[in-house]
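Below, chain A partners chain B and then partners chain C, in two separate complexes.
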Partner chain A sequence: MNLTGTLFVAALGLCLAAAPAAVLTPRRARPLLAGAATTAAGLAGAAAGVTALSGQGWSARLDGVLPLAGVRLDLDPLGAMFVAVTGAVAVCAAVYGVAYARHGLDGRVAQATPPLFVASMLLVPAAASVSTLLVAWELMALTSLLLVLAEHRRRAAVGEAALWYAVMTHLGFAAILAGLAGFAALAGGETFEQLRAAGLPPGARDAVFLATLAGFASKAGIVPLHVWLARAHPEAPSQVSALMSAAMVNMGVYGILRVGLDLLHGGPAWWWLLVLGAGALSALFGILQAAVASDLKRLLGHSTTENMGLVLIGVGAAGFLASGGDSMLAALALAAALLHVVNHSAFKTLLFLAAGSVLHATGTRDLDALGGLRARMPCTTALFAVGALAASALPPGNGFVSEWLLLQSLIHALPTSGVAGAVTMPLAVGVIALSAGLAIATFVKAFGVGFLARPRTPGAERASESPPAMIGGMALAAASCVILALAPATVLPGLSRLAASLVPGSGHPPGPVPVSGEVTLRLTGYEGTISPLLIAVALAIAVIGLLGAVRLFASRRARRAARLWDCGAGPMSPRMEYTATSFAEPLQRVFDDVLEPESDLDVTPTKESAYLVESVRFRARIPDRIERRLYDPVLAAAGALGRAATGLANGSVHRYLAYGFYALTAVLVALAVIW
Partner chain B sequence: MTGLIGAVSQVVLVAVGSPLLAGLMRQVRARLEGRAGAGVAQPWRDLRKLARKEPITPHGTGWVFRLAPLVLAGTVLVVAAVVPLVTTLSPMDGVADLFAVTALLALGSVALALGGLDTGTAFGGMGASREVTVMALVEPTILLSVFALSVRVGSTNLGAIVTSAVHDPLEVISPVSLLAAVALAVVTIAETGRIPVDNPSTHLELTMIHEAMILEYSGPDLALIEWASAMRLSVLLGLLASLFAPWGIATAGAGLAAVVLGMAALVIKVAALGVLLAAGEVFMAKLRLFRIPELLAGSFMLALLAVAASFFLA
Partner chain C sequence: MTDSVYVPLLDLACGAFLLTGVLVLWRRDLAAIVRLFAVQGADLGALVIVLGLHKGSAELMIAGVAVGGLRAGLLPCLMRRALMAGGEGRETKPLVNVAGSLLVAAVLAMVAYAVSQPLVRLTPTPATQAVPVALTVLLVGFFVLVTRRRALSQVVGFLLMDNAITATAFLTTSGVPMVVELGVSLDILLAVLVLQVLTTRMRAAFGGTDLDELRELRD
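For the complex of A and B:
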């Protein structure tokens, strides 16, 4: 077994050992033990991913573990990248979780399940056969479902969220199962090698791709299969939210890449235009919902849908360009998408962990009730600011680098990709631009309203800084954001090589990497350079120079504190501050037709006169329009069917026996006729 | 070497000249409205006076409020060093392209919006909310116009776009270029808070965007913001001039004389654009806040048409 294999097996072993150990140890030692084991497992997993990505692959075959098929594992570069990301996210979440567990999450199930969840997410990208993939996928779904349910005694919403999640994830599983089982049956074998070598008729290829796309896209929270995401991710404990939103959703992207590009070797252009369209819809719809959301964790959940949408725009563009024969540009789009997966995992881990700290300290996730955390939780505020900068895709954040690469791949595609490309690419650029603009508005709101100004409620007033382990977990995620922002060349060569080898038709050995350069990133074959590090340095020099100039030339008198401008009407109360809802109101009004917000106003007049108002009550809600149009009718029909079916079962045993008799007769008659 | 001198001269010219541009525009407005005006150098006198005042920190504000003016001015200075105003040979040219320039300008606006929110007053929140709304809607137009302009040269690098326009002057009057020019002009007006999107001289809270955000700033902080806003206007006007009327810019192989010529050309072009903008503002009223999206949607359509034209007319 080589280094990769040793590290990977160590990671899995640590996870699998941590679960029973957490069950057996006393409550007080449990979080530390489980956290330490998961941290070590995450480190080993990340290291295994990095070594495998740099060329040292590993594969294994364990026939005795699963009945009939056995387990097959193979860490190739594609899987390795997702293993590395999962490992890194697990480290941050586990360090953070040690202290977060004091918040009533040190029960046996809540502590024993996260290591298993991490193990399943390490296994999914390493699986090398259909049965192994499906078992790991189902293990991932079940462990994450248990974790979503961890706080079900505290809030009624948890149960509903978990139900949505359970149903959606199993429908997705059924779609993947159907697609891959059909694929394996047609290919005459279920290992990925056999699937890769199989030549399927075009109709069957389309069916396999569409079925697996539906299943994998629902895991990635892609519109219109996103409804569970913004419910389930926020209701889970925060370090689990981070694992789900930064590592688990990636598995959906992994699945699409594995099946679409690797096993099916690309496909017709319409597959990828479909992926691109779904991605564009998700990016816009997700960020629009995030822009008007006032629940901090829900906002982050919607932002996950947006970012997965951006990734799928890249993946779709890559597949589309590859189907047109432009493998260089396809590799660039794919490298941008992969870099965005890494960047999104880094900043979303940070943001969810910081949101958890806020929830821990104030007892609320409602932005309208927060504020003033800058003075009370300075470290959390600064760390959240790093994440928010990255998420709004502004330099010098890491989100900017991947969006820049994505835009470059799209604009260079225009002259070569025919009329379909000429229509698609500008619209995709418009979608990315609008989602970037709305992301700025969203995160200015989340940071400005949630952390700055003055506290809006006593809960926010009483907030205090989180314990060191939680800050440590966030700081690790923030450090990776900073490294990715200033030196994307630490990960880009590996991702570029992976992208170049993954693009169908790139041949063996694959073509040159699409992006190169250490400080200044250069596109290969196209003109385009950017230097995130030099931008940051220039910005720092400018700001420090200005600070010096202000000290030198401006007044040297000491700063004086003064009253805020209150129009002369006396001290202002926090109730006069702008809230998240009022901040988002102009955007809500602009996108009125898309969002269809609901509001009702109850005015109660006094008894004496209809013109004197005693109380006014205003309620506003922004329901998910897709959910309302698409899911509510289906749910209503299912409910009606269920109620109608109760008429058949009236409790009479005679009747049930009669049903049995008729059913048997019907089967026998049918058999007699057909046979 | 010429490139370095050109880049430094560009930054210095923007830093020194932009308050004068603001003064010129106010003077033009004053004359057209039948007033005497305060003179072209008045913004500099204002800045000097503000800089000498006592710095004030309103109650309840923190490091975000203090840092915002510095970040705003810092981003504009970096942009002034990167974009080809006097020369296309800036050593910073490869560091940032047109996408990065727009993102840097957005970073400045974000810093100011956060500064406004940090005060915790209704004014600050209102200004910040309106600013980011306008910014979110402006973004698609900017990127699509950039896209349209980059198709011809196959790059979003500013130096490459401008050099190609210098070498082929007829490109400037192509449909692509004209449509993109109109779209970018609307965007420039929105980004710099001029009429009809925002009124820089308003003090009525119903209509304020920029002024509401900076209501709590005073003294040297306010001086920094005013100066940065003026620089932002000159850089954006200069960028418009460079993209659509690139004559006089020092390109590859140019000597020091060309840099001096480039500076003179920049001053003339930006002053002409400023006068045009100021004269236009005299005849226009500010739009209602919720009519602004219609204007921006219109500019988005023009940008989309520009991209379509760049493909179908090529």
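For the complex of A and C:
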């Protein structure tokens, strides 16, 4: 066994040992033990991913573990990248979780399940046969479902969210199962090698791709299969939200890449235009919902949908360009998508952990009830600011680098990609630009309303800084955000090598890498350079210069204290501040036709006069329009069918027996007639 | 045993097996139904013993004796005890009347005969040619379950089905492994015990064993 194998097996072993250990140890030691083991496993997993990504692959075959098929594992560069990301997220979440668990999450199930969840997420990208993949996938779904349910005694919404999640994830699993099982049957074998070598008729290829795309896209929270995400991610405990939103959704992207590009070797252009379209729709819809959300964790969940949409824009563009024969640009788009996966994982971990800190300190996730945390939780505020900067895709955040690369690939594709490309690519550029703009508004809202200004409720006023372990977990995630932002060259060479080898038609050995450079990143074959470090330095110099000038200018005058101008209305109360809802109101007005918000205004006049108002009640709600149009009719039909079917069951045992008897004789008669 | 003795004996046992099954539909006196069931159990035992004699297999003969003992002795004894405790002597109002039931039994026999033709064609021995008989009893047993109201008739219907399944197993294979047969018999014994307890409980709760009284329990 080489270094990669040793590290990977150590990671899995630690996870699998941590679960029973967490069950057996007493309550006080449990979070520390489970957290330490998961941290070590995450470190080992990340290291295994990095070594495998740099070329030292590893594969194993365990025939005795699963009946009939056995387990096959193979850490190739594609899987290794996702293993590395999962490991890194697990480290941050586990360190954070040690302290977060004191909040009533130190039960046996809540502590024993996270290591298993991490193990399943390490296994999914390492699986090298259909049955191994499916078993790991199902384990991932079940453990995450258990974790979503961890706080079900506290809030009624948890049960509903878990139900949505359970149904959607299992429908997705059924789609993947159907697609891959059909693929394996047609290929005459279920290992990935056999699937790669199989030549399928075009119709079957389309069916396999569409079925697996539906399943994997639902895991990635892609519109219109996103309805579970914004429910389940917020209701899970925060470090689990981070694991789900930063690591588990990536598995959907992994599945699309594995099946579409690796096993099926790319495909017709319309597959990838479909992926691109779904990605564009998700990016816009997700960020719009995030922009008007006032629940902090829900906002982050919608932002996950947006970012996965951006990743799929890159993946779709890569597949589309490769089907047109432009491998270099395809590799660039794919490298950008992979980099965005890494970046998103880094900042989404940070943001969810910070949101958890806020929830821990104030007891609420409602932005309209927060505020004033800057003075009370300075570390959390600073760390959230780093994450918000990254998520809003502005320099010097890390999201900027990957979105810039993505835009470059789309812009350069314009002249060469035919009519379909000439229509799609500008639209995709527009979508990315619009979503980036809305993301800025969203995260300005989240940070400004949540952390700055004055506290709006007593809960926010009583907030205090989180314990060191939680800060530590967030700091690790923030550090990776900063490294990715200033020196993307730490990961880009590996990712662009992977992208170049993954693009179909790149041949052996794969073509030159699409992006290279240490400090300044250069596109291969196209004009375009970017230097994140220099941009950051220039920005820092500009800001420091500006601050210095202001200080210099302001310090010449004597400082004087005066009351803030309040229109003569007396001292200003926190109720006069902007809230998240009011901040998003203009946006909501602009996108009124898309969002279809519902608002309700009740004015109660006093008895004496209709012109004097006693009280005003205002209620606003922004329902998910896709859910309302697409899911509600199906649910209503299922409910109606169920109610109609109760007529069949009138309680008479004889009637129930008669159903069986009639069915049996009908089948027998049919058999007798046919044979 | 030569074929000239074996085939008539086998046919006799199968005929008696079928006849008792159909007669269960005819009689409405619960004590008579239990007696008919006991006779059918004995027929089943005889059927297995005849098969064992023909193949010269001692194991099969032991199985026949055990099956006969259970189904002609122990189970009827348990049911009679339940009957004594209750005192409801008759199947008052079956959902399909006796004449209709007998007609249905004839139709079911035809269906069973038509359906089992492919099975018989596989190995056309005298034993497999008797499979339609077992299948008919199975369907008749199911029909008893569907149309009879008293809990005890239901138990008999259930046991008729089981008798038929056992008969099919012995007729189509050359002897069921002892372990399987033991397991099945034990299952049946337990099922009857449970049903007996249920019957007693029902009587305590509703004052009768008409299953349609259970309708109140819905939702």
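Note that the second predicted complex is superposed on the first by the 651 of 675 C-alpha atoms of A that agree within 3 Å, B and C clash if a C-alpha of one lies under 4 Å from a C-alpha of the other, contacts with A are read in each partner's own complex, and residues count from 1 in each chain.
The working rule: a contact is a pair of C-beta atoms (placed from the backbone, for glycine too) under 8 Å apart; a residue touches a chain by one contact, two chains touch by 3 or more.
Since we're looking at a predicted model, the values are computed, not measured.
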Using the overlay on chain A, decide if chain B and chain C clash or can fit next to each other.
fit
Using the superposition on chain A described above, determine whether A:669 touches chain B (first), chain C (second), both, or neither.
second
Spot which of chain B and chain C makes contact with more residues of chain A, would you?
B
Applying the document's definition of touch, where does A:638 land relative to chain B and chain C: first, second, both, or neither?
neither
Regarding the shared-chain residue A:651, is it in contact with chain B (first), chain C (second), both, or neither?
second
Once the shared chain is lined up, is A:661 touching chain B (first), chain C (second), both, or neither of them?
second
Which partner chains sit in contact with A:603 here, chain B, chain C, both or neither? Use first/second/both/neither.
neither
In whole Å, chain B and chain C in the superposition are separated at their closest C-alpha atoms by 55
Residues on chain A touched by both chain B and chain C none
Enumerate the contact residues on chain C facing chain A in the complex.
95, 108, 111-112, 114-115, 117-118, 139, 142-143, 145-147, 149, 211-212, 214-219
Residues of chain A touching chain B in their complex?
291, 371-372, 374-375, 392-395, 400, 404, 407-408, 411-412, 414-415, 422, 426, 429-430, 432-434, 436-438, 440-441, 444-445, 447-449, 452-454, 520, 526-531, 534-535, 538-539, 542-543, 545-547, 550, 553-555, 557-566, 572, 574, 576-578, 582-587, 589-590
Chain C touches which residues of chain A in the complex?
649-654, 657-658, 660-661, 664-665, 668-669, 671-672, 675
Taking the touch rule as given, give the residues of chain B at its contact with chain A in the complex, in rising order.
51-60, 62-64, 67, 70-71, 73-75, 77-78, 81, 92, 94-97, 99-100, 103-104, 106-107, 110, 113-114, 117-126, 128-130, 132-133, 135-140, 142-144, 147, 150-151, 153-157, 160, 215-216, 219-220, 223-224, 289-290, 293, 300, 304, 307-308, 310-312, 314
